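Two complexes are shown next, each including subunit A; its partner changes from subunit B in the first to subunit C in the second.
And now, the complex of A and B:
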């Protein structure tokens, strides 16, 4: 029964955070024109950025989870959230692809910890980064760093209307053309990640004359070797290419 | 057409660049003027406020004029509210602003005629029709040819041969412009003063075209492709190009002046107060384009590439003409330089 059809109870929602910058949470809290409607339509029983109190237990009609799993207790918490939620969406590149916290997946844990923290490493409980879907079933991916307005809204509306969400699933190039941006990769030879990156940002960087750096993560079935070849033709070194592809997608590409 | 209009009026004239400028400037009062502007990088079609902004020597633009201004990249086609009594729909007003689309090359004019077949055919689209009826198309014969042009092979250029479907045809004759009023409405509305062209002027126009034809670099046999496509739909060149170079980014089809596919989807705010039904250009190179209930009928990348190549170079059964107008945009804007004419040549071997 859709929630708009006169049902008294509002859907219960929770917003959870693991290792990340909390940018996705901020995006929801700063959901400018829609924040009031969002809080009117949903009963956010857990959303640390908006309310200091909140019940972690659930049950939830919708769980939005941001961040990468990098500590043992997070894995436990994630499993509990899953068991108490009807629908769980991964929000943001960290939760979906590993994002920035997963850059460390490229090396050995102890060596990276030594480089960053130097001593008293026994205090660290950090472990190898994992995406949410390594632990639990994820019902949808709200891509972005942070997500675009459209997909975030789609996630919430899908719950209100009881339908399957239709998240954006095409390349940044499509959005660039819709916006009329002159192609930076073709016209200026800038190493733009647009052709393999999932859209949703509205081609923000190319519109500001900056090459896309794939913060929304790779789109599904991207032709990675073909773009790497193109970058080689542009004169980029192997390391430069590797860095571009593993900035947000280290986990998916290392596997 | 009434008698007094046909009497005394010139439908063809040679006028100087200055007079052309003054003539076009005169339309600004009643028309929004859209033309190719900018020249340092790539020219683009946009609204211009004076004739000087128009780049008459432009070679090509990234986005095609017809598709961009007649079928907008994204537009709202319907909105509805969910009320206790049920959904209440509201249609946005039809666009009624009079416009001149100035400086449309022969290939792009043919592309508009192609879009007409799609959007003014069996199921006319009210938004496209309203824009089309309110837009006067001033075509411009080409002065230069790029290495990627192949309009000469598919009969769409470099000089416009179509006799209807647009309003005015301009040809740069060097010191003067040949202006030809082509449509009934153009003949009614626009008055033209200038020297009527004589035999030697038309002779010169022909020479200019012949001169231009020498500069084409692309060469493949457009006829007979159908048999090849039908007999070898799994030709290795398709797989090699798809796996080795195709990024499935969709650039080729987004910049294509005849690619008419669009997606229709609903945009709902969280309040669900006003749900907008949107239409935007879609790209068949996306993996999810052909995903339907139960599966995806173009699962493989090469199937999607094949769809593009065949639809452009064949598929005459659909609208009676080829899907391509030979503008070369898909080659120019492909990040890895995939060239459908090269694929066709390879398949013809």
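And now, the complex of A and C:
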């Protein structure tokens, strides 16, 4: 009986990890402020970080998936998770944009692998990084590295309330203005990625006098050429500009 | 009898263990860390030195501060930048609060269910509701400190950069953090009492205890390499004292002490080697908990969880003391690219962490090497697992499996870090 049919039980949730730092898992199971409510409101039938038992097969009312897909077996597993889940959200920059593990997409796979392994090179099965939506339908994105708390709560609460979630879809500049920060880009000429980066962090970096480094990933309708032009005006070299745009979004710019 | 745990739960990252007992003998045992490699050392090449701390933070979701601090120190050595005293104090606060927080989640959420025979802490509710509430309160106290100094979040902090901090909390905020810590004193003691009440299995390890050592303080962010078998060296001697090798069945590499063998790093090694530099209250608790000062003592890897509880007490006190003296001003020398080479060692929550970089004159990374605590412990985990199983051959299979899992968790491994 699916959860959405109105049966009175806790929603069954699964949390899955691909290639990443497990930070989204720790955010959900440790760092966030509504930890007690989260753990008590859901029945986590698969969450390896917090439970040593659990069935990988589901079915799940909600699947939360973190990490970049960099191994063939992960793609297979992802499809199975999708089949067994009513709702699937991608959590964190790795799963949504490729994030840090996708930096390697900017170089030759073998060359990068050789810098780490010599003897067992032929045993490696690592492949070009890809995001969840390359393989399956994703019902929503909880952006951030680590995921923003407001969106994470929205993802959980919307399931509990049987409503459609509304995730943040505007730039860091909006949050920055609301905080009353002085603009680092305009006023100080710092190469801030805020104008093209999806909000959700609370404009943390500009608030501590640091240019945004785009850890929440590029927002969907970002005007990338305009910001690149601005950076050129500030005197940044093409290489320096490229590095800023490929820290968390190497995949999007390669496409 | 074959035992195979494909995906070990309640540890950080992906790994499993399998062993086979035949005719009363342990035939085969391996800890298979199948966590996918992300090739950090490979992808760091070509990035600029000031991006490195933000990149390496993403090696681990529970000890990002350690990777940041270690890389920052290595890079500062490479480009010849000397950080000022206040920045060093703030860095210590970051590291100490992160260690306390990391130990707390390990003790309560990851390790504790083993000693109650449960799969998760959640199965202990509502019976252990009081402990759960304390856990929630305490984690917020420690994480708030890391977050306040880290620019707004404890996980992947933003204000800590090469050279120093782009912002630090103001005095009012620091005062608030101090009050929070003060009020947490009793909860910290209760966690210690709960953990020291666990009945720990017997096991004697031959692994060499390795930890940093520093005159006059409990070494975390820097120190000399030291061990209970007389190892002694500077950070730059690391390569001549240890070696690393690839493992056919695992994505993590194994590290050993050259000419000797397995080592153990982490809270147990620190508490054993630096017991005289623990705070007075932590030292007293260590004695009460059965820790003996001196080499060759406390050689049971399961004691690591007790040592973590002692360290939570120690770092609670240390953070309070540092919050008294740290200042809000953030002036620090801006880093300029310069050709050079630098390596650094720190004590991450799980033990010795090594970062090393070669940087060219434009500030671009040409070579990177990172060796993590779990890679240091890997060989010892397998050795001691073998010993544990051989000592408990008479126990039923289910019991043996739980015992094996408990030992691996006692090391508090981080598989994401170990492969990276």
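Basically, the second predicted complex is superposed on the first by the 243 of 255 C-alpha atoms of A that agree within 3 Å, B and C clash if a C-alpha of one lies under 4 Å from a C-alpha of the other, contacts with A are read in each partner's own complex, and residues count from 1 in each chain.
Rule of thumb we're sticking to: a contact is a pair of C-beta atoms (placed from the backbone, for glycine too) under 8 Å apart; a residue touches a chain by one contact, two chains touch by 3 or more.
In this text the structure is predicted, and so the values were computed from the model without any measurement.
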Room on subunit A for both subunit B and subunit C (clash or fit): fit
Subunit B versus subunit C as contact partner of A:191, first or second or both or neither: neither
Which superposed partner A:101 touches (first subunit B, second subunit C, both, neither): second
If touched residues of subunit A are counted for subunit B and for subunit C, the larger one: C
Which of subunit B and subunit C A:208 touches, first, second, both or neither: second
Partner chain(s) touched by A:227 [first = subunit B, second = subunit C, both, neither]: first
First, second, both or neither for A:30, with subunit B first and subunit C second: second
First, second, both or neither for A:165, with subunit B first and subunit C second: neither
Included angle at subunit A between vectors to subunit C and subunit B, based on C-alpha centres and rounded to the nearest 10 degrees: 110
Gap in Å between nearest CA atoms once subunit C and subunit B share a frame through chain A: 16
Contacts on subunit A seen with subunit B and repeated with subunit C across the two complexes: 33, 40
Interfacial residue positions of subunit B with respect to subunit A in the complex: 41-42, 44, 62-63, 68, 73-74, 82, 84, 243-251, 254-255, 265, 267-272, 280-281, 283, 286-288, 301, 332-336
Complex contact set, residues of subunit C against subunit A: 7-10, 12-14, 36-43, 45-48, 51, 54-55, 58-62, 64, 105, 109, 113, 119-122, 125, 132, 136, 139-140, 143, 151-156, 158-159, 161, 165-167, 246-248, 405, 416
Sites on subunit A touched by subunit B in the complex: 4, 6, 33-34, 37-38, 40-41, 150, 153, 156-157, 160-161, 166, 169-171, 173-174, 177-180, 182-183, 185-187, 194-196, 219-223, 226-227, 229-230
Complex interface listing, subunit A residues touching subunit C: 17-27, 29-31, 33, 35-36, 39-40, 44, 48-54, 70-71, 74, 99-101, 103-104, 106-107, 111-120, 123-124, 126, 145-146, 201-202, 204-205, 207-210, 213, 215, 240, 243, 247
